[in-house]
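Below, subunit A partners subunit B and then partners subunit C, in two separate complexes.
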Partner chain A sequence: MLSQLRSLWKVFQHSFTPPDTVQYPEQKPYLAPRYRGRIVLTRDPDGEERCVACNLCAAVCPVDCIALQQGLDENGRWQAEFFRINFSRCIMCGLCEEACPTYAIQLTPDVEMCEYDRQNMVYEKEHLLIAGSGKYPDYNFYRVAGKDVGVKTKGSGDNEQPPEDYRSLLP
Partner chain B sequence: MVTIDVDGRRYQVEAGQNLLQACLSLGLNLPYFCWHPALGSVGACRQCAVTQYMDADDNRGRLAMACMTPVSDGLRISLQNDAEKAFRSGIIETLMSRHPHDCPVCEEGGDCHLQDMTVMSGHHRRRYRGAKRTFHNQQLGPLVRHEMNRCITCFRCVRFYRDYAGGHDLHAMGSRDRTYFGRVEDGNLESPFAGNLVEVCPTGVFTDKPHGESYSRKWDLQSAPAICVHCSLGCNISPGARYGRLKRVQNRYHPDINGYFLCDRGRYGFRFTDPDRRLLQALQRTEEGEETLSTGNALSRLWHRIKQADQHLIGIGSPRASLEANFALRQIVGAKNFYAGVSAVEDEMVRLVLQLMYSGVRSASLREVEQADAILILGEDLIHTAPRMALSVRQAVRNNQRRQAEALHIPLWQDQAVRNLSSIALSPCFITSSYRTGLDEVASGLWRNSPQSQTLVADLIANKINEIPSLSKTHSEGMQTWAIMVADALKQARKPLIIAGCSTQYPALLAAAGRIMTALKSHNPAARSAFVLPECNSLGLALLTDNDHENRLEDAFDAAAQGKNHLILLENDLYQRAAPQQVDQFIGQLGELTLLDYQRQRTFSKADLVLPVTPFSESGGTLINNEGRAQYYFAAQPPAPGTMMSWHWLWESRHEARPVDENALHLLQQCAASDPPLARLTELLKQLDLSTADGRLGYMQLPRKSQRYSGRTAIDAADDVREPALAQDAQSLLSFDMEGVPPTQVRDLQLSRLLPMSWYPGWNSGQSVHKFMQEYSDGRPGSGVLMLQPAADHESDLTTLQPDTEVQQTSDQSLTLVPRHYLFGSDPLSMDSPPVASLAPSSCLMLHPEDAQRRGLNPHDLVRLESSRFHLELPIKTDNTLAPGVAAIPWNLPDQPWLPLPQQVELVVVQRSNLIARDGEEPADG
Partner chain C sequence: MAEFMTVLYVLLTLLLLLVLAAMLIWYERRLLALWQDRYGPNRVGPFGLLQVAADMIKIFFKEDWIPPFAEKAVFVLAPAVVVITMLLAFANVPFAESLWVSDLNVGVLFFLAMSALAAYSTILAGWSSNNKYALLGGMRAAAQMISYDVFMGLSLMGVVLLSGSFNLREIVEAQQQGWHITSQFVAFGIFMVAAVAESHRLPFDLPEAEHEIIAGFHTEYSGMKFGLFFVGEYLSVLLISAMSVVLFFGGWLGPILPPFIWFCLKTLLVVSFIILLRAAIPRPRFDQLMAFGWKLMLPLALINLLLTGAVLLWWEA
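Coming up: the complex of A and B.
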């Protein structure tokens, strides 16, 4: 008897709790910045493309939905000649973001990607590239990498000695 | 065989090798850097440390460098104890402390020995906090990129470049941790083997420059076991393709041919296969203009042409097309109407080679070349005509040193110790040529004179070996002495070797070489010969046209004059084979000219039906190399849309609009059955037959793609998001798939030689080849089959090789014009490849400065060459490495007409140069 009354009381109490149902799409749920949604390509603090077309994202992708081709600019900087993600295959696992050595590829909290035509799910570089640096505002790969591609000269990067003079025979 | 004990397990290994090599060939993982199977051990990097125990009771042991420890019976070592593991991880940590943080933008990444060894040694976190050392890079030309920061100072580059390949312009400079590997100043690397630095360097200091401009990782490449098409040696290559084009070519180990190294023409000459450089659309040219055709339409046109032409049909084959393609054409037009698509001289010379091979003169493989202890090279500039053979000759001349080392009980893999015997003279190597060759610096005797004089001296050598006194007055005293010296050296040698070939375009010299070979063979059965042929399938074509019919190119010209004027031309440029006037006249007489080709060459503009065929990268086929070895090559990628393999076009056209279920292997079968000289193709078929391999393969094929091939669902998504079906390669041992026999099983299945690219778990770089070493023995699939068996009845034919007594007297005014071959330039296929074309010479006439002075000529003057057979205007270049009385002209440049050479010419000045003359100017060699 007592337990039945308690149950009734509990149910009655619930009529005053606010509902969990969200009136999507009128109401948008909060998605944390680290949420794994639509993939973007970011730029470094200097405004250049971060992607160096190293192919690691494509290699790690479990559904093989990333294809890209490396190319060189006039300074010898590696850049993606094309960068394509087939979102109709993408499972938003975020492994590409983890694999990316330059923080170029990042997942965003945008999940609204429905299309009537599946072909529209194929994103090229111009669709993926954003203007900002995304979640990692300060990192510039070419400042720490040993290669000179016009970002810094040899030896002026982080933690680098000035170039050696191999003609010197001093001990 | 000796027994060694590794981590408590006993193994049988070959005696005489070092411990590192033994461990690697057993399939054990032991990290190393400075050792290389072809370069030997120097013990510089200290990475291959193992613990060596005195005996079974010793449980302390001592650290030893595996690469410097010879294997001995009862040797007991451990690879996996803490002491050696800690030592090895300490070494790699030190090596990595200053390695730049740039793997993502390094062309070596994923194909990197340093990465593999770092992972293998367990080093994963950088503890060193100091600043990293940096270097400025050098511009090393269009083939190799330099990124010196990545160096770990293993010295492999200079050991290969200088010690092994004989280059002079790459140095180890500086001291302590400043050691720098590069040239004295920026400039093209001069060695024709510079491209091997890409594979020799265990890090990314030297990387493939053309590949780096549009790069794909190794795991993203679709590869195939293929054969190089740029000379007659048939080096094994592994071309890698992605996005419909070849990205790079790497060496594929073949113990008898190329071993670990390729030449730069083979490595960088493949860009003629790029879709934008190639014919991709069937064309018909009528008076109204050009019309593109669909494949089906083109096929039915071809069918109608073949049917209508009937008695008037002739076919011209090609020495650069596969055996299958040539055979298919021969079957279509009939053996009587099938003509060899090579110049008359070349035809004569290749047939001479064939005749010599039949008579029992065995053609040496490159491995046998390396074993020779006395070499005579007649008229060949090997660096430019058969570059990989030149590298083998370079190894062979050190055999004297090796013999001495053996006498002193120095193991041959003790590289530095053997090289310290430099006071020992090199093995004798004699060269006759009209100009300086790339091997002159290792030669012990040179005969630099006109081809006629070389023939005389060769005849004299043959006579001296046969001990026939020579009485001719044409032999000067110098010539006699030289011949005696060479003949004595050849007779004294245990394994003498004669190298001759077709590049002089002078059959008499080859015949004289043949006489030396036969004389020497009867004197010493271990004597070997090696022939250099003009193109990759010259011998195959010669075997197909080796019958009683009149089937030279000239005969085709005659046939056209007699009304046989419907020509099918297979992968050939006639303007490269005969004089332009002659070809123009021939084409003028033709009613129809059907061309099957992939190159926009000179004959292309004259053809009225053009069928686009696939180059080597997209077709499978058989090539017969200079030693008569038939090797099958596989397509790296499926044919581009609109194109088909040559034999496929021809075969399909036999049946109107009906698909044929025949494949290339059936074609080979028919070929073996119909041509007795090619009967041994059945052996090759056994190596390739899926039905015999089935039991081993378990109905799986070898995948052309790696297990980590990326982008499968995105590559074609730009055109259509629905994924296309995979291209099929039924009946083949290889599939265009990622799935199939895993590399770990390839060894057990004895298919190592058919690996599309070298890879093994934990060994991503090309060094993984050690994992398959035990399987590289003869008779396994992919080793090829020697076609030519000496026939007893051919012995008598040699009497026809009489000396050419017709030596033209050189007047004061006339010069002997000879062809000069160029690694980059003389091969029209590779000249369609921008990196190769950028290194080619320009058309010019090379003269000895004295000859130029006598005629009052200065460099850059424009002269007209006048001979009985052609006229040509060319600028002059003086070159003091030419024999006096000889003029040379770059052979087979794309913009140059074919010339009948050698030829006596006179020079007439057309225009004086207003440039300042520079005397003694030399063209860059290599």
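Coming up: the complex of A and C.
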């Protein structure tokens, strides 16, 4: 009985504490930079698309909302011919971001993406691509990868040595 | 002329009560939100006051579905019973010296009878739904009504002894020297517990316990029939608040302000307290509820009645 009276009093004391509510449309809550919201495709510091169309994101996606077709540009660099994310299916799990070897696909703190038409939730590559490099500003996949696709010649990348001439007998 | 005035009073009371019952939903939600550190409904209209209107519009346009397995006539009638009995009980509540619909000389008994009759609403609803959860809710309502009505009546007898009348107006006038709450504090506690149990409000809402028996007696109800249960519940909250003001807090008596305003203010305070009960206290188990009623509240009410009677006799001698 006493504990009930005590809880009555404790609850009554809350008359004088301000509400915790964030009045959403007028007042935006803080979303951390690593919040998992709308998906974007980023570019490397040179302004080229980071995406190499390896299909890992599409393979890992638990709801199969990513579709893409791999193609090659004139330097032999892999690029997506189309890249399509159906946001009406996307569950914002972030597995695609984890799977991406080039930091191309990233999730942003933007969650306000309501549409009246379901078809408008399907984002094509031009909708997904952003101008900047997102969360990893200095990273360029082809500067650390071995392949020569016009970014650097073979062996001139970061942490890379020129290729060994195995026909030479010199030490 | 007198008849015309009575009809006018009836219509005014009816209108006021139904509007108040609707506004009480808003008031309760805002208060609960305040105590849970939220805002509650604040979007529709100023301070969310029109939320009730929006809900009403919605509930009127909902499909009014009667399950094919239900006992149709009783199913339709059951929600009306609670509203009718509650409105009838309000007829003899004196809002001010000369502001009442009927001046019954058995006012307290009439109130008890009406609040007991209201239990038929839940029992019939639970039975006619032909659903095991609804029936469980109805049975709980019946058991709860029987055990809590006993000491509700007994707790009021102390007040009746003190004021020497069953007439609610005379009970209020007997409190000119001091409110009955001062001498009948125990009776007030018992009455409050019993009244909250009678109106199936939390913490005594076992007939409609959502967690155990879905929604109890109104599991099968939807649309405005469900709405009527709600209106009935809020009317009964208003009724028990008004009755506790009349019986224990001196009704319309008070300095400076007009009597009707005093009555409304006191009623509002009691309503707020009932909502605070809902916000703070969890629902007991059903056997706990029964044990609490029969083993604690009933003896307390009897002892209180005995003591009041003894003291009165001693004074007169």
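As a working rule, the second predicted complex is superposed on the first by the 156 of 171 C-alpha atoms of A that agree within 3 Å, B and C clash if a C-alpha of one lies under 4 Å from a C-alpha of the other, contacts with A are read in each partner's own complex, and residues count from 1 in each chain.
Everything that follows uses one rule, which is that a contact is a pair of C-beta atoms (placed from the backbone, for glycine too) under 8 Å apart; a residue touches a chain by one contact, two chains touch by 3 or more.
Only a predicted model underlies this, so the values are computations on that prediction, with no experimental measurement involved.
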>> Contacts for A:2 in the overlay, against subunit B (first) and subunit C (second): which applies, first, second, both or neither?
In response: neither
>> Let me test your reading of the model: by the given contact rule, A:146 touches which partner, first (subunit B), second (subunit C), both or neither?
In response: first
> Does the superposition put A:163 against subunit B (first), subunit C (second), both, or neither?
Replying inline: first
> What is the contact status of A:20 with respect to subunit B (first) and subunit C (second): first, second, both, or neither?
Replying inline: second
> What is the contact status of A:63 with respect to subunit B (first) and subunit C (second): first, second, both, or neither?
Replying inline: first
> Between subunit B (first) and subunit C (second), which, if any, makes contact with A:12: first, second, both or neither?
Replying inline: second
>> Per the contact definition in the header, classify A:78: touching subunit B only (first), subunit C only (second), both, or neither.
In response: first
> In the complex formed with subunit B, which residues of subunit A make contact?
Replying inline: 52-56, 58-59, 61, 63-72, 78, 81-82, 84-86, 88-89, 101-102, 118-119, 121-122, 124, 141, 144-149, 154-155, 159-171
> Can you list the subunit B residues touching subunit A in their complex?
Replying inline: 100-105, 109-110, 131-137, 147, 149-150, 173-180, 182, 212-217, 219-220, 243, 708-715, 717-718, 720-722
> Which of the residues in subunit A end up touching subunit C in this complex?
Replying inline: 4, 7-8, 10-12, 14-15, 17-21, 23
> Where on subunit C is subunit A touching in the complex?
Replying inline: 33-39, 276-277, 279-281
